[in-house]
């Protein structure tokens, strides 16, 4: 069986891990995986899909870079009788154009993170700064919305600054530095919410260099659960992270296998767990488990 | 033709002023051109001739004065305007586009169109037909850069002629033309004069002035010296007018004191490069001037370039006086062997336009010393000032970007660049092109001085008289072959012409 | 002294721009000039500008030289990523600090050599030649890190990112020293003039005996070296090599810095100091945007508008206009030069 | 044969040989499907590359086009979502806007004497910034007119489709070639590329030409934006990042010199096809990791350029030697 996999790119450790795991899963199942890296460009993904169709693969995995704009190419795949499974992000096409989607709910992730903060504070006043993902990317938009939903109605929590850190450590650090300066050397800030762990890791360094204690003076909550954040958590420098599992391909292949065997239609959305990790979850152990997954 | 004097001037400039920082290039110059006359514009290098032309045609904004065409004031804002007024111009230095075809260059802006589309066929046919008047039978669909400077010059003239309804301005059009082509040009000029065009002609060749021009206007240091009828003035007066003093040392002195007494300095045997120049033998004595004569495109420049390693030789070898072999694979090798080379196309091969006169002069010496040991600013300045004085380079100071000097002065800077390296063998390709009478004499004297000091020179020139004046030996090049060598009393213009024109190889001995 | 006078006349527009921008920020954000010492290191927004500006400043040094030869180096961002990756890899693989740094710098030199060979020997146009490494370089960096962020904890290497010397952050020390050193080398030797000569007229320089090939290669290698320093700093700053994002699009900032510094993209006359000031201008704009608290979707527009204003004010045509009002004959000189090159 | 056409022929030869090699490895590469895909998938790139060809021929560069495409998509999507205007009206509005944007950049370049690289870099920031301000979300386009447009295609034998946008690209290339080689404007573009100063002395209207060139590039970027919005039925402010570099690469691979003045619009089409071929090959292969993909693209770019140079050089040399 040949399966084409159109991956967004390799912009973060998390995505590298997803690629590695997909390849592992394919190997275990004896699937011939055709991998195409789109370098963050939708047009490249569409090209890849069309080429897969021209090549006559048996199924296609698609991790869409953006939700819109897939109708016509998905229709082409459907006409060619090639099932398409979406990984980790959704598309806004009609759901009969793909077999199923495996992923987590991005809004939900933001919500979990926000909920944690609400619970942790228990009514104390708190000024939050936010490090957004790349402006315009769906995780940035959804994780922001989810978080804001969670803190809505809790007047003790105020979002005082929000700026993009482009999902990168460097920018996370740089932006945090300026947050600290703009908010009275950080004394004004009680918590940081970062749309991914990488930015949080960068920000933690900035907080330390400003002479403050991340995790105590400023609470740190972020999303993704990459190995490095667990190290920080073990050192008490980060407080919580929401896991986005990179193993999307496992469930996808299972659904595909069932479908090809006897035509079992999987549910249209297979949601992965958005698990919350805190200090209490033995961060070092999780780190050891995760560190070789290609993050 | 003197009828022109009577009629109302066709083009008239009154009190034209143009100021550049540090230089008043034009200081209230008056100029008038009648229909049906050829009017020469004369003056030393940097006198302001080119600047006047550029002000007349809107290439520069003038700082004062007015321009009248047919009695009406005009104010060309750019060359397009001037063209629309019927003024066609050939600026100094060929100003055509190397990347376009010959035909496209000729018709740029005026291409024959049909339904808005250019008709390439008609454009090419037209180009062929225009060039045939100049005896040029070339492939007009090839890009301009496949032809030599001379051919380009002819094309530039042809273009300006087709564009000029009333006035044709030629700024040193003959600088890179040979006698035959000059004849051709003059025929064209005469016929245009018949047709009632006014023609402005700039040249440093006084013979040509006297042959073709009806009147002449002399500029000196940006000021008008006077306008005369050509027939009413003689050579000496004219030169005095231009220089503002007597020319001490008339050009044709036969001062060949040395003639290779210093023994062999260099010898090249079977030296050549496929597709460029056929293998030749050449021996050069210390203190000897070897002239190179030949028609345009005959391979004179190629000879120089192969010698200097610009286009490295692929056959033969070179040895110095002691018989040790020389490696001449690149200009650097050649410079290391004590060569110097003043190229013919100073715009692309010579000057570093944005750098100052000082830096341009110091460049070759610095390159030879290496980048580690910098020639100090003070030394550079001393060097530059020394040559500014010696060669009479007209510039306010040594810091002026060389690109802003007048054409002839740029040429002198090139010479200075090599003289400071004190080469033992200096190749000069058309060293006097675009140089005024005064400086011309200077340069010839300089060449003679240099060879008395023991320097060997190879001088390429289209002016046969000049070659006769200073060469100890003349090599004649034709069709990429060295066809003849003249020495001693055999060096005469006649002999050279015969060798150049000889139908077969063994023409002259 | 006339030398100093000439120098200031050359860079006053850049200094003025920087002053205006810093002034604007301090109006918007009054605490801007508060500088203190935290953890034995100077701490404050002005320090951030100097510190965060380090990569672009370093890149701008190399870029200035390249641009002076009429070239351009699009690969510097990718080279940063490669060198960061090499240093992270070296240090985690257990090579010492010295060996690691040596490897990282050699990697930068090698990249520069590659670019230089393409430009000087194969005669490929600089934009295209360096575009190749710009595309492939990030791949090479990822090959080294295998797509992940390669983290390290070696204090010696981290020192280059977040350490300090006499309370001055190390990156600042590095770029200031590099800038001073390169300026000194270039101006005390004949290199500066030769580079300018190449930039104005390559062919004429070759004919005058300048070793244009070697010099071109050297210039690209210098750019590679500067990029590798920047790469090491960027990696040390976040204690990890991020092959995907390190130096991403920084080549554009570096070019912008050089242009704000008044060096023409057509080669020729250059000023390293002015480029460095240009880099600080860019970083000041960035920092100012972050401090301002505008929503991030406005970042680009603000940056674009500010840069446009700066460039328009510095453009030759504006200078003519200014001169027209002030009637300073020197300004005329510069204008006339732009319009007419006989 | 004229020496001017050498780079063009060299490029064509390389393309054909490369295609043959791909075909030998994956016979499916010669299907009409792949050919149809090459045209459709690269339609927006091709269109914008035509504009880039003009810019580069004139010795300039336009870094703003990628952002302009993204802006165009967002503009169309937002207009269709928030107003009742017909798409054709929106297209007209958009094309006017992007043409003016290009013209403004051209005017800045000419009248303020600023280098194109920098002006268009600022333009690039500005256009994407505008897209962000319009909407940071990706906005779907649901207008039924879009469905109609997408349904227009010619089904070639073998199930390959020649789509509307693919056809439009070919049309733009034909128009571009005519404009470049058969009109005075085109000649002026070449003239400016040969040397601004000389061109001015020869009477080329510099200002008009420069403004025209960048306006054309802006227009074509807008058109490419429309094509891209048809291609994806959405507008997204993060779309087409770095497309300007792809376009430049396509133009250069197509044999146009970045220094200006020499090259052909037709070469750019081959350049675009070569880039598409590389991508298709990599996807057909399907074993390359993300990083090897980048490295391979870089290496192939290098190989093409060197090959082209080599071919041109040896042929030119033989011509000289042959007399």
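Lettered A, B, C and D in written order, each chain numbered from 1.
What we mean here is this: a residue touches a chain if its C-beta (ideal position, glycine included) is under 8 Å from a C-beta of that chain, and two chains touch if they have at least 3 such contacts.
Here is each chain with its UniProt name: B = Sugar ABC transporter ATP-binding protein; C, D = Sugar ABC transporter permease.
The structure presented is a predicted model; accordingly, all values stated were derived computationally and were not measured.
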Pair with more cross-chain C-beta pairs in contact, given C-D and B-C: C-D
Rounded Å distance between chain C and chain D, as computed from the means of their C-alpha atoms: 30
Centroid spacing, where centroids are CA-atom means, of chain B and chain D in whole angstrom: 44
Chain centre separation (chain A, chain D; CA means) in Å: 34
Junction residues of chain B, two or more chains touched: 59
Shared-contact residues (touching 2 or more other chains) in chain D: 132, 136, 289-291, 293-294
Where chain C touches two or more other chains at once, by residue number: 142, 147, 297, 299, 340-341
Every chain pair meeting the contact rule: A-C, A-D, B-C, B-D, C-D
Partner chain C, residues of chain B touching it in the complex: 20-22, 50, 54, 59-60, 92-93, 308, 310, 331-332, 335, 341, 343, 348-355, 359, 362-364, 366-375, 401, 403-404, 406-407, 417
Residues of chain D defined as touching chain C within the complex: 61, 108, 111-115, 117-119, 121-123, 125-126, 128-130, 132-133, 136, 197, 245, 248-249, 252, 257-259, 289-299, 301-302, 305-306, 309
Chain A to chain D touching residues, read off their complex: 4, 7, 9-10, 16, 19, 33-37, 39-44, 46-48, 50-56, 66-72, 92, 134-138, 141
Chain A partner contacts - residues on chain C that touch it in the complex: 29, 31, 38-39, 41, 43-45, 48, 52, 142, 146-149, 151, 162, 234, 237-240, 242, 244-246, 248, 287, 290-291, 293, 295-297, 299
Partner chain D, residues of chain B touching it in the complex: 59, 78-80, 82-83, 89, 91, 95-101, 104-105, 108-109, 111, 113, 116-118, 120, 141-143, 146, 159, 163, 274-275
